[in-house]
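Sharing a structure with you now.
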Amino acid sequence: MNVYQTIIDAAQAVTPEMVSVRRDFHKYAETGWLEMRTASIIARKLKDLGYEVLIGEDVCERDARMGVPSDEVLKAAYERAVSQGADPEFVKATEGGFTGVIGILRCGEGPTVGMRFDIDALGVNESTDEDHLPARDGYASVNAGSMHACGHDGHAASGLGVAAVLMQIKEHLHGTVKLIFQPGEEGLRGAKSIVEKGHLDDVDYLFGAHTTGEAADGGDVTPGSYGSLASYKYDVTFRGLAAHAGGSPHLGKNALLAAAAAVTNLYAIPRHGAGASRINVGRLIAGSGRNVIADEAFMEMEVRGDTTEINEYVSDYAKRVLESAAAMHDCTVEIKLMGAAQSLNSDEDFCEHIAAVCTEKLGMKVTEKLAIKLGGSEDVSYMLNRVQSHGGKGAFVRVRSKMTESAHKRKFDFDESYLTKVVKVFCGMTYDLMKK
Amino acid sequence: MNVYQTIIDAAQAVTPEMVSVRRDFHKYAETGWLEMRTASIIARKLKDLGYEVLIGEDVCERDARMGVPSDEVLKAAYERAVSQGADPEFVKATEGGFTGVIGILRCGEGPTVGMRFDIDALGVNESTDEDHLPARDGYASVNAGSMHACGHDGHAASGLGVAAVLMQIKEHLHGTVKLIFQPGEEGLRGAKSIVEKGHLDDVDYLFGAHTTGEAADGGDVTPGSYGSLASYKYDVTFRGLAAHAGGSPHLGKNALLAAAAAVTNLYAIPRHGAGASRINVGRLIAGSGRNVIADEAFMEMEVRGDTTEINEYVSDYAKRVLESAAAMHDCTVEIKLMGAAQSLNSDEDFCEHIAAVCTEKLGMKVTEKLAIKLGGSEDVSYMLNRVQSHGGKGAFVRVRSKMTESAHKRKFDFDESYLTKVVKVFCGMTYDLMKK
Amino acid sequence: MNVYQTIIDAAQAVTPEMVSVRRDFHKYAETGWLEMRTASIIARKLKDLGYEVLIGEDVCERDARMGVPSDEVLKAAYERAVSQGADPEFVKATEGGFTGVIGILRCGEGPTVGMRFDIDALGVNESTDEDHLPARDGYASVNAGSMHACGHDGHAASGLGVAAVLMQIKEHLHGTVKLIFQPGEEGLRGAKSIVEKGHLDDVDYLFGAHTTGEAADGGDVTPGSYGSLASYKYDVTFRGLAAHAGGSPHLGKNALLAAAAAVTNLYAIPRHGAGASRINVGRLIAGSGRNVIADEAFMEMEVRGDTTEINEYVSDYAKRVLESAAAMHDCTVEIKLMGAAQSLNSDEDFCEHIAAVCTEKLGMKVTEKLAIKLGGSEDVSYMLNRVQSHGGKGAFVRVRSKMTESAHKRKFDFDESYLTKVVKVFCGMTYDLMKK
Amino acid sequence: MNVYQTIIDAAQAVTPEMVSVRRDFHKYAETGWLEMRTASIIARKLKDLGYEVLIGEDVCERDARMGVPSDEVLKAAYERAVSQGADPEFVKATEGGFTGVIGILRCGEGPTVGMRFDIDALGVNESTDEDHLPARDGYASVNAGSMHACGHDGHAASGLGVAAVLMQIKEHLHGTVKLIFQPGEEGLRGAKSIVEKGHLDDVDYLFGAHTTGEAADGGDVTPGSYGSLASYKYDVTFRGLAAHAGGSPHLGKNALLAAAAAVTNLYAIPRHGAGASRINVGRLIAGSGRNVIADEAFMEMEVRGDTTEINEYVSDYAKRVLESAAAMHDCTVEIKLMGAAQSLNSDEDFCEHIAAVCTEKLGMKVTEKLAIKLGGSEDVSYMLNRVQSHGGKGAFVRVRSKMTESAHKRKFDFDESYLTKVVKVFCGMTYDLMKK
């Protein structure tokens, strides 16, 4: 019996259901840590398929979650999730922002294969134009300010497709499958909390995938990614003292002036001789009135580095700049970590392995370059680095399909053939790694 | 016949009406350039009293108005004014933010005596606590975000009281009376547009008055003020170009960085050897997202100087800093004048004259010091300087009454005996200057 | 017997000797803490006149001296002083930079009258042009880079004239006379060390004087000065770590960058609402080569304030800026106090007293204004404030005479009639205060 | 006949003469544009060997020379050269800083092979310690502040060795040989002036070489270099206006403040997304005295980039920062180009060619890696890029020999076997390219 062919056929068969799930997730888009409806439905479906299911605090380490919204926002999101049809059994565990889900399939002794699917939406208002398919076909986001503009609706749906197909070929496998549905990838907020909980400690092979536009050479799959920048995201608040700018400027403690000193000196952090570094202060909001010494200044900033070491260098320097700028103008400063990623490198031999399976067993076309550079940052890096640190292998796969627009835009959309392809690659490789 | 005694009695008699008007203005508080209801009622009452009335573009030079709100805001304010009982005849002229009113009383040959009453509210939310009199007695502002927290409701009402009393003693006067009701004093936005229209060019004597807390020596009146700082208020917008902070920082034009460079260097403008200077950037809002090079930065700032010359020095230097900071980071900058005041000095001999009239004719107590320093800035300076520039005299009078709290606070209130006092001083002096 | 007349005559008689001494001091100009020849000759002459003489560490508190040159410079100056005719007995005590001298005349019970004469030259190269009198007449400075361009040669000589005349009228006095010859006034380095030694603690009346150009009204004397700015002078050294700017910029600790951050933020120290403040970084020297991260940066800076409080405010803020700028870029900073002055105010009634004595007893003309503003800073303020702090009185007198050029210029010279005038005022007042 | 063997033997034979020349050049070290003695002797020797010789303005384009010392320094250097034994015939042409020399050997039709030898010393004081060979053996630099601490004495000497050997095998060559002796490589000042004169326009193959320490694998030669950073070196002078910092700070134009604003913002130039960039202000000298607003500030700075494009980006941005910082504080700025290099890449196939010749024909050992990264900047890049721009090939060769210390240090020295190796590689390759 050719199990690969079974996988190919099953992937095709499960596609309509994936499309339907994907469009449902798209319509009820939920941003990081608020994926309560989404997570509860994933858990429900995994359980119904026969998976052992973890959800809530069993998945995410409470204090390792970054950039969690305020209690008020969490509460409102919970109510919305319930009102929009969250699964009543599982949604409870997500209260307070515990929206990770893990589905486990145990097939006796053997390797552990992990897969990561990110599930959160972006803070974008979806286009309502007729030429935007989700709008025309009625599954555009109904949640204002939340939109799946990065394809994570597809990532989540493909994870359920993988779950369904693996369950079908279960008898041919030995070892353990872990399907990790991660919240809060945008802003690099969620992966670390799952890693800290220990879920990657026994994983021998790890995959992740991301929607990526068509390849010039028509390939379906690029097995690996590399070179994403390690990054930290910080929210920074300077606090000083208000005073009348005309009458008693010397009585103020000027938080806006401290922030300005910080900004210039942050950008002036020396380049690192060993590779690229980045720094950005993307937002700055300070002061209350023209004639008042500003008593507060808030900044959203980030640092990046080619390597984790370079990122640490910039981050340490940045903190020194922030603290010194505050001290300089007699203010205080609070620095809050809002997100983090490490640098990411797929294993070369593992990429070659994926390429071989895709080409020889699954009839897919692999791009000429087996790995491409990731411009930004991805927190799957936390998972991959943990797996690699104990000798495991992994790859962040780029699955190609047509995209209407670049990610994060209001009319972003992707060709749903993506879903089928992911199921083929992930299940094909899982079988190859776990076959008896 | 003792006309001074007539004035004293009339001031007392007109007080209940002034109190009623003041509370009405207080309830329907309107901020700068939006005083459409207020202005229309003032015009109505002046006309009913027999004054020649100017309103709308006849009062304020269109392009000399500073800090005028957007068309949208103006339109909404107009509709609100109409719905809150604006005078149907006069409100039309105020459309688009022409909310100055002048009442003229011509009594043949003789000197021209001008008086200025400012009529705008502040952008403050009034307290609703029971211990705040306007709240308890039902005349707290019904317009959210607008409150007479600086006493201009009283200034406006006192102007109508003065109008009523002067009309009663009209036959004893020769010359011309000009009662100037000025919009937009807060932010120093309105006076200049009236001066530019030429209304101060023939004024020989000018008064203005401001509510001021009780004097230590129990005086009712301090005839003069001096030493207010000349000032300019600017809104500044830097514009650059957005780019991804991780992938292509070099493609951005960083408006936030330009603003930060500007801020530090603005505060670093060298002190002036001849007197005090001030600079403040009170608000700064920049950028759209953490990982995007900020393409816009907005600042509210101001400069001040002991003298008009020092103010000009700081202003010129500040503009150079703003333009250079923009150029430095390849951005553009727009600098918009939002308000202005000159330095202000009451004429010493005129203050003595007021003191003499108050003490000897009106039975009022004058404080020991005939003039006190004005900490902030006042745009009556534009009027006073124009009058002084052609040989006229003037004073900015401080009329004392109990205040509950310092100005600009949410529970600010003043003792309405203020109204009676102003009528006595202004009418007494007008008579003294214009008596046949 | 009219002692005032005796003083007038004696002042005239002692003038040729003062001129001669002044020209000798002028020729052998010595800058701050190097006045070894000058001090030794002053001590010699005081002793020969019959004064009790203090010199060396008995006058200046070692650690309270500021801006003392290096041991090498001190050593060379000592050798030069010896070779240029220093008094062999007294010069020894000046070794190492102890160049203050005090002459004491005890006349039994009574008030203590102190007088301060500053004796140091400036770091200026004297003009050799024929139209410069000292050059033409052969007493221009022979010490390159040292010139009496501020009249302290005259101040020193006048102190010896005062000493001679007071000794003549000794029998008419009761109390104690203290003639204080102070080193290092330039840079505000010397006064504090004498105050710290306690020499002003028992002084009831204090005079100082300074050469000042002719008055518009032809007056000889302006009894008082006020309003000099309190000041601190600092030498600042940032230390970091060198690294190759191309290969490993991240390994450097950039002292030049730290200094630049400090400079901008120093100038940005908020104005003080209560009066004038000043800040200046006058020199900055940093780095060793174009392609090396600078490991050292040296700055000469100063702060000033209308009052001692304002000066302290600016100084404290400046230190915070310096330390924070260093910390920001991982450098260290050393801040060395090089000079200091307090704000200075002559006692009004004492000025009136001086005016009366000058006019009524000494036949001198006093200027209409009894006190004039001092633009810069003067460390006689330390002495005056100490005297005033225990209830004493004092004045910093401006004695008028023609000047060729403003002070600190290469052709500065003053009319030596100054010397006679000082003797008259100081001895006249001393007699008036100490007469039996 | 085996010409390669002839070359090997001749290289050996010419070594003692090269050692002698190298030590002579070492003893009379001359820095950039002052290599008058050195150049005249090179010209003499080339002519004596039979080469056509170009020198003076025939070699270097006058206005394309960068960082030329002042006339005063040039004049003194000329006099020194003459007094230290410069060749009387050729030295004349070097007057004013025209110290390039080209030797041409024409062998009929065929390719043109160029070789570049840099000849200038560094501004370093040579060690006089006994353990420093040149000091012990009496050929340490006699010119204070000038030392061959980068091996260019060897480069120059090896060029003369190459000249001698090529002349011996002349009959076996067809085409043209150009031996280019370049002044002012340190500071990247000289190459461009030779390129601008057109001397590289007809060159088909270009070599340069540099002394490099022993390879880990014992190789004699690394055929290529790559990745040197493109760079510009600037001297920057800000000019403002002095004023008294206490009395009239507003009258100054603060050049030190302008420079500080420039420094911070220079370091804050955004990173380039496409590769490494560098910026450094290595020296800053500003101001004349503590209490004077600084009227001048001088900076030595440089920018670099992975590619010529990135370097241009940083340079353009830097100029904008400098000009804007000057304008901001009402100063002027002068920016003077003092040196420049482009990015450099040896041709891969040409490196393989060199490797083959060295290994197979010359019996030399080539390092495993055929090209190594150049950390800094090299202005041979100008020549190489010109040659490559018209289809020529080239390589910057690293010839290995023991070094006592890293370059630019006071005890730098290299094993003179270097000389022999260069002659072998250069002559071997020339023969291979030009053989009939």
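Note that the chains take the letters A, B, C and D in the order they are written out, and that residue 1 is the start of every chain.
To be clear about the criterion, contacts are C-beta pairs under 8 Å (C-beta built on N, C-alpha and C of every residue); 3 or more make two chains touch, one makes a residue touch a chain.
For clarity, every value in this text was computed on a predicted model and none was experimentally measured.
Asks: At the interface of subunit B with subunit C, does the proportion of residue numbers present on both copies reach over half, so same, or stay under half, so different?
Replies: On the two sides of the subunit C and subunit B interface, the residue numbers are mostly the same, over half being shared.
Asks: If every chain is reduced to the average of its C-alpha atoms, which one ends up farthest from subunit D?
Replies: Between subunit D and every other chain, the largest centroid distance is to B.
Asks: Could you compare the number of C-beta pairs in contact for A-D with that for C-D and name the larger?
Replies: Pair with the higher count of C-beta contacts: C-D.
Asks: Just how far, in Å, is the C-alpha centre of subunit D from the one of subunit B?
Replies: 70
Asks: So how far apart, in whole Å, are subunit A and subunit D when each is placed at the average of its C-alpha atoms?
Replies: 51
Asks: Could you tell me the distance, in whole angstrom, between the mean C-alpha positions of subunit C and subunit D?
Replies: Whole-Å distance between the two chain centres: 55.
Asks: Quick check: what residues of subunit B touch more than one other chain, meaning two or more?
Replies: 247, 249, 254, 257, 261, 264-265, 267-268, 270-271, 278, 293
Asks: Which residues of subunit B touch subunit D in the complex?
Replies: Residues of subunit B touching subunit D: 247-252, 254, 257, 261, 264-265, 268, 270-274, 293, 313, 317, 320-321, 323-325, 327-330.
Asks: With touch defined as at the start, can you tell me which subunit D residues reach subunit A in the complex?
Replies: Residues 264-265, 267-271, 276-279 of subunit D touch subunit A in their complex.
Asks: Considering only the defined contacts, which subunit A positions touch subunit B in the complex?
Replies: So the residues of subunit A touching subunit B come out as 187, 229, 231, 233, 244-247, 249, 254, 256-257, 259-261, 263-264, 267, 278, 280-294, 297, 300-302, 304, 338, 375-377.
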